[in-house]
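Read from first to last, the chains carry the letters A, B, C, D, E and F; within each, the first residue is number 1.
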Amino acid sequence: MQSSANKKHAYTRTLDFKTGCVEMMHGSGGRAMAQLIDQLFMTAFDNDFLRQMNDQASFTSSGGRMVMATDSHVITPLFFPGGDIGCLSVHGTINDVVMAGAKPLYLSAGFILEEGLPLGDLKRIVESMAAAARVIPVPIITGDTKVVERGSGDGVFITTTGIGMIPENVFISSERAKPGDNILISGTIGDHGIAVMLAREDFAFQSSLESDTASLHDLVSVMVEAVPGIHVLRDPTRGGVAAALNEIAQQSGTGMMLFEERIPVKPAVSAACEFLGFDPMYVANEGKLIAVCAPEDTDKLLDTMRAHPLGCNAAVIGEIIADSHSFVQMKTRFGGTHVVDWLSGDQLPRIC
Amino acid sequence: MCLAIPAKVEQFTADDNAIVELSGIRKEISLALVDEVSPGDYVIVHAGYAIQKLDVEEAERTLALFEELYAQTGNFPDFPQTGTT
Amino acid sequence: MKYIEAFRDGRLARKIAGQTAKEADPRRHYYLMEFCGGHTHAISRYGIADLLPAHIHMIHGPGCPVCVLPMGRLENAIQLAQTPGVILCSYGDMLRIPTAKGNSLLKVKSRGADIRMIYSSSEALDIARQNPDKCIVFLAIGFETTTPPTAVVIKQAQKLGLSNFTVFCNHVLTPSAISHILLSPEIRQLGLVRLDGFIGPAHVSTVIGSRPYEYFVEEFQKPVVIAGFEPLDVIQAILMLVRQINEGRAEVENEFTRAVLPHGNIKAQKLVADVFELRRSFEWRGLGHVPYSALRIKSCFADFDAEQRFEIPALSLPDHKACECGAILRGVKHPRDCKIFGTVCTPDNPIGSCMVSSEGACAAYFRYGRFRDNQSQHEMAGH
Amino acid sequence: MQSSANKKHAYTRTLDFKTGCVEMMHGSGGRAMAQLIDQLFMTAFDNDFLRQMNDQASFTSSGGRMVMATDSHVITPLFFPGGDIGCLSVHGTINDVVMAGAKPLYLSAGFILEEGLPLGDLKRIVESMAAAARVIPVPIITGDTKVVERGSGDGVFITTTGIGMIPENVFISSERAKPGDNILISGTIGDHGIAVMLAREDFAFQSSLESDTASLHDLVSVMVEAVPGIHVLRDPTRGGVAAALNEIAQQSGTGMMLFEERIPVKPAVSAACEFLGFDPMYVANEGKLIAVCAPEDTDKLLDTMRAHPLGCNAAVIGEIIADSHSFVQMKTRFGGTHVVDWLSGDQLPRIC
Amino acid sequence: MCLAIPAKVEQFTADDNAIVELSGIRKEISLALVDEVSPGDYVIVHAGYAIQKLDVEEAERTLALFEELYAQTGNFPDFPQTGTT
Amino acid sequence: MKYIEAFRDGRLARKIAGQTAKEADPRRHYYLMEFCGGHTHAISRYGIADLLPAHIHMIHGPGCPVCVLPMGRLENAIQLAQTPGVILCSYGDMLRIPTAKGNSLLKVKSRGADIRMIYSSSEALDIARQNPDKCIVFLAIGFETTTPPTAVVIKQAQKLGLSNFTVFCNHVLTPSAISHILLSPEIRQLGLVRLDGFIGPAHVSTVIGSRPYEYFVEEFQKPVVIAGFEPLDVIQAILMLVRQINEGRAEVENEFTRAVLPHGNIKAQKLVADVFELRRSFEWRGLGHVPYSALRIKSCFADFDAEQRFEIPALSLPDHKACECGAILRGVKHPRDCKIFGTVCTPDNPIGSCMVSSEGACAAYFRYGRFRDNQSQHEMAGH
């Protein structure tokens, strides 16, 4: 295997990360593409698998139950308070891997770049991605880069795929939710979606809100160690907590009863929701998880979550009930009850 | 209809605009529809415009009325039960 | 959130609800209409119905701008949006309203029409300035609350000489709609609907004040309590209405004193009067043609009037034939009376406008009320 | 595990594949997205893994050397003679998996849909993808769908990731090319790139040329069975045969000598190249492979390839030579020699 | 400079255009720059225009000349050697 | 491919090459310039140099439209492309030419300029029709071969009254450039460059015919053989030149009889004469200002002349200071004489225009010649 460092390069001018832009040639399989891969991706992600430089990466598996998850990441703006599409693209997929209780092993990354993207922005994104992967740690072992014409993309789209290994005694799946189980959330809801929405210039908002984007691998690992019998884990991303709960309810054929007053929401998130006419239950999170466990495991699980930095605001927000309609209901702070349905259409800012 | 929320005026900006604040969220809105607003005042914001000032004293009076009622009333029916709580 | 959360206090709510239950006469029924979608939303969202005794009935009124826009005007807007060179700007609420054939602004947007969702009328003006080679049409809708911001941008556009900016005006008036409901045959003659009192608009009243309801109370002898949109405001207003009814009074009372003055916002009223004038008649979805119930742009601002610039034809289109929105908006029917509620018509594929806005009676019932009926119909395991 | 078939649906109107279009709501995590996944993806890809309906798919691995490969697919037009982006997205990644001599096991798929894409087109694409996966067979076990605003995408982008298992005695890697080795190609070159280029309306070409898009899993499997000691396999996609050979040369630190007259090119491909000022060596292929093997294995490998339908035009096109510059040279039909360099920039139609 | 190739005219289309063919590839080109072209003729195509007719007889004559030369010449130097062939 | 492949026959090539080697006088050197990039490309692509004896030297001439476009005109085009409302159309070849600062049309395209690559001038006209609200500028370049298609679209635009279509004309003339080279001090006075004969243009000659070279042969007493762009054409032309030189003749001979007539294409010539007129002088990259060497649009077509419509300024910009393109285009230097060849200047990051087109001398040498020098400099294992 030849290392990237001692390979002879067919180019002598280095990429211009200060003023350069992505051009169509960076995706056309020629030397410009080889240079981009070498000077950016290989340098940032640097690992032995990538250095194989084959059409694929090979690794050795010890066998057992493995998981595979994928997410395509599209977001405007590319950089937002608390993160960027780079670290988000690692967290988004890793979180799906670890929602099985699995230990993440490897990542792949497919980039779709829009002609005209400043190379400096791309570098920032790739380095953020590399840093996010390194802390887990999970190597990005193979990838692909395409360039599309200006107007056929939106800066950069990143699709990551992750594989992981499930510990022997862990069996986490959404259909395992049972009446009587408790529903836990790892922290405040809606931070990501609201932070990104407020970062959009046209709304003229200012706030110190940040996206919660984070990898949940370590939180999950302490959780499954404490309570290997966790029934369900799910990260409430697009569609928010409402979507994640409805999915679990539908897949397990149960209903849910939530208690509004127990659901942690930052005051600033509530306030932004008031301005925009949003409901935080439908707003995306990128560093939170929902757990469902047996009543007897609840205290231990909650304590474990609260002891972890990413779970310090964890709370039991409701319980699984029997309901052939799989309604997710919420007892409001006010005393009444309503259904927390799926989001309909898109959540759009509204005036009435 | 007519989603509107009270927010505190923090400072004036150009063009009859002002920054309002609610729980740490700041937004520039228009004051074109209200007169005699000062920083510190609360306004009702609808679709990016302050449509009226909020009378803080009246708000407190209303809340006090509720509390009074709370103190008066002795017993009241339980919540109707739904679900398994 | 100051002056918001205090009005959502469940502990106080139970007190006021208890008081209401105590004062409500068990030998009679109370039929109360909340005119505004804002109140409908609060009632559903906070489950206020769960706190009320069974003989107090809340009837959802037509106070949702999305719900009352007639088909013809929506079709006009869709055609405008598809006109080459036009950028149509509107509030997010408008984009999903379906035509009888299932079309919507969002659907034509997905097919290439340049439609921009705005949060404030001033953004439409910015878009006009940034796109001098396009015609910007601001699809303006809403009640008295939303009209003043439209007046502001029309005046600004005139001052700036922005020749590519126009407004398709669909602003409507609340008091005329309330009067019209009380004049409807179902109520006046047939007695099909009983209305004992009204919860009066919150934010509309911050602009128009409480006085316009005086005439109304005298004419129809129904009590009105103007209330804020927070749940405590609503439940308090219900108590106040129960008291008026019990005492045989029919007065305008103001629960929302923190924002509503008798004379309202005079500056805003003046701006509206500068720019707009009454239409002789305007079609409301569900209510039909209601006299003097809407505004049009005055002739001195004709350059900014999309109806004139684009010669928009008057269209009167029927609703989907199964849709009961009309009757629901008049308070004559309940969403569950609609045959296609929750099956063909859902918030994802709304057939009628009442299923679109979260303030629409059907959407509110789908999200917040439906499960109660289901629970009464189906025995659930473990209960 | 609950099957898709007996699950209760929260929607009663089925998707309108005749006149409907992708809308933003199809990506916002609400019921519209759930319906799209259920009525389109789950139906077309139908398998037990997908039906787990978790954030990730789990499977059991027996252990050993595994490979992971990913490709993002962007192509205009979406439908072209001989294929579409759907089958292409399966072939593109599977071919990278099998270039390690591996048996493909599982695929994931990430879709980035542009608002306004006709649902009927999407259905055709997804069904083509499902069909391509089925013949291999390799299940698409997990996926993701995003929707971007009109003007921020180009109909549909598909990123697939594949994993596979390498047989015990197979060690294929590009650095194994050695001077003296022979270079083989499995068939005519440039078919895909030219067929797609000619399908572009603005050039006003007509031809019966078809893309060669195909999965090479079976060809590779008979090849590694016949000659487990194959040194290198690579599919000459973007950048054409020239790029693939330069990659091998650079990664193995060798040079190459090719013989122009042995390189199979369809007359129509040559003719189109003459019209456009292209060189077929730089034109993309999607169903061809390059193999490098020891001289003693060459005849057996060539015979095996020729006996397979996807290798019937296979040829030995050159040999590996020692060259510290890693030049890929070609002896022309005319008798002279030149360097087959990487593509510079983009291959654009030219008039001079 | 001036990439141009001979192709056979197959049929005329609208606007002084024609379909030409080369090894199964057909393309619509303009005949605006040439006169008296008939289907079956070969034309030299440059940037979408026929810029001249190809004289088939002359082409054959040139090729015959080459062949003649081939027949005449007895021996000739070997290719210079490059690489390991 | 009929009438193409027959002219690429390696078996015949070796015969003709053998004959050439036999006839070439071993006691002298032959310096032959192929004026056209098309011949340069054929020589490199097919390795014709490998077949020639060492004392026959091929010198690459300036016959590549991409290579001779001066910096100032390129900068004009880049500025046009960045003008709001403009769509700049050009042939793919033009897009990668770098300015001294490394800018190019492709780079400004990637930053948002609307630049469309076309294959035929008629596409520019189509784009103009499809975009009535944009100004379409067709950046026209090329020698006599490419000028007639430009003339056609200008006439069509006039007929259609297409007021949004203009042409930025950079068409240049071959014979004037050849004369200019032979008049250059390096050749005439300094004797730095020896030129014994020319391979004359292939496709240029299909349009202008063989006659224009007669004057030239008489004036300078150098043989010219017009040859096709296929490798057998080239090698045959070399043989014909060797024979003329050996025999002391200086004549115009035509190897490309299948496409070149003495009078050329009269219809095309007339169209060009209708639309264009001679410029007094025009800058060529490498050659400087060459008198009567280019065309401009006649005043009767001024509406379609981008130079007039956009008041394009005359810019004269220096090349990159290390770049030897000028000397290479005049035949005075070889690419390997450039200090930055293959290091700073590569086909991926070209500094000079000769590295852009595959017909440029530097690009051709990088792709097809470079390895020979490398092989002579470095011992390779196993050889």
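Quick note on the criterion: a residue touches a chain if its C-beta (ideal position, glycine included) is under 8 Å from a C-beta of that chain, and two chains touch if they have at least 3 such contacts.
All of these numbers come straight from a predicted model, not from anything done at the bench.
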{"item": "Distance in touch steps, counted as few as possible, from subunit C out to subunit E", "value": "2"}
{"item": "Least step count from subunit B to subunit C, where 1 means the two chains touch", "value": "1"}
{"item": "Any chain that touches subunit F and subunit E", "value": "D"}
{"item": "Of A-F and D-E, whichever chain pair has more C-beta contact pairs", "value": "D-E"}
{"item": "Rotational angle, Cα trace of subunit B fitted to subunit E, multiple of 5°", "value": "180"}
{"item": "Chain separated most widely from subunit B, comparing mean CA positions", "value": "E"}
{"item": "Copy pair subunit A, subunit D: interface residue numbering same or different (half cut)", "value": "same"}
{"item": "Chain centre separation (subunit A, subunit E; CA means) in Å", "value": "59"}
{"item": "Chain centre separation in whole Å, for subunit F relative to subunit C (CA means)", "value": "71"}
{"item": "Geometric centre distance via CA averages, subunit F-subunit B, whole Å", "value": "75"}
{"item": "Where subunit A and subunit C are represented by their mean Cα positions, the distance between them in whole Å", "value": "38"}
{"item": "Junction residues of subunit D, two or more chains touched", "value": "10, 23-25, 30-32, 179, 203, 255, 267, 270-271, 274, 277, 321-322, 329, 331, 335-337, 341, 344-345, 350-352"}
{"item": "Per-residue overlap in subunit C, given as positions that touch at least 2 other chains", "value": "1, 4, 14, 17, 37-38, 50-51, 64-65, 91, 106, 119, 123, 142, 146, 346-348, 359, 372, 382-383"}
{"item": "Residue numbers of subunit B (touch at least two other chains)", "value": "1-3, 5, 22-23, 46-47, 79, 82, 84"}
{"item": "Touching residues (chain side subunit E, partner subunit F) in the complex", "value": "1-6, 8, 22-23, 29-30, 32-35, 42, 44, 46-49, 51-56, 58-59, 61-63, 65-67, 69-70, 72-73, 75-77, 79-80, 82, 84"}
{"item": "Of subunit C, residues touching subunit D in the complex", "value": "106-107, 109-112, 343-344, 346-349"}
{"item": "Residue ranges of subunit B touching subunit A (in the complex, touch as defined)", "value": "1-3, 5, 19, 22-28, 45-47, 79, 82-85"}
{"item": "List of subunit A residues in touch with subunit C within their complex", "value": "179, 202-203, 255, 261, 267, 270-271, 274, 276-277, 321-325, 327, 329, 331-339, 341-342, 344-345, 348-352"}
{"item": "Residues of subunit A defined as touching subunit F within the complex", "value": "10-13, 21-25, 30-32, 35, 115-116, 150"}
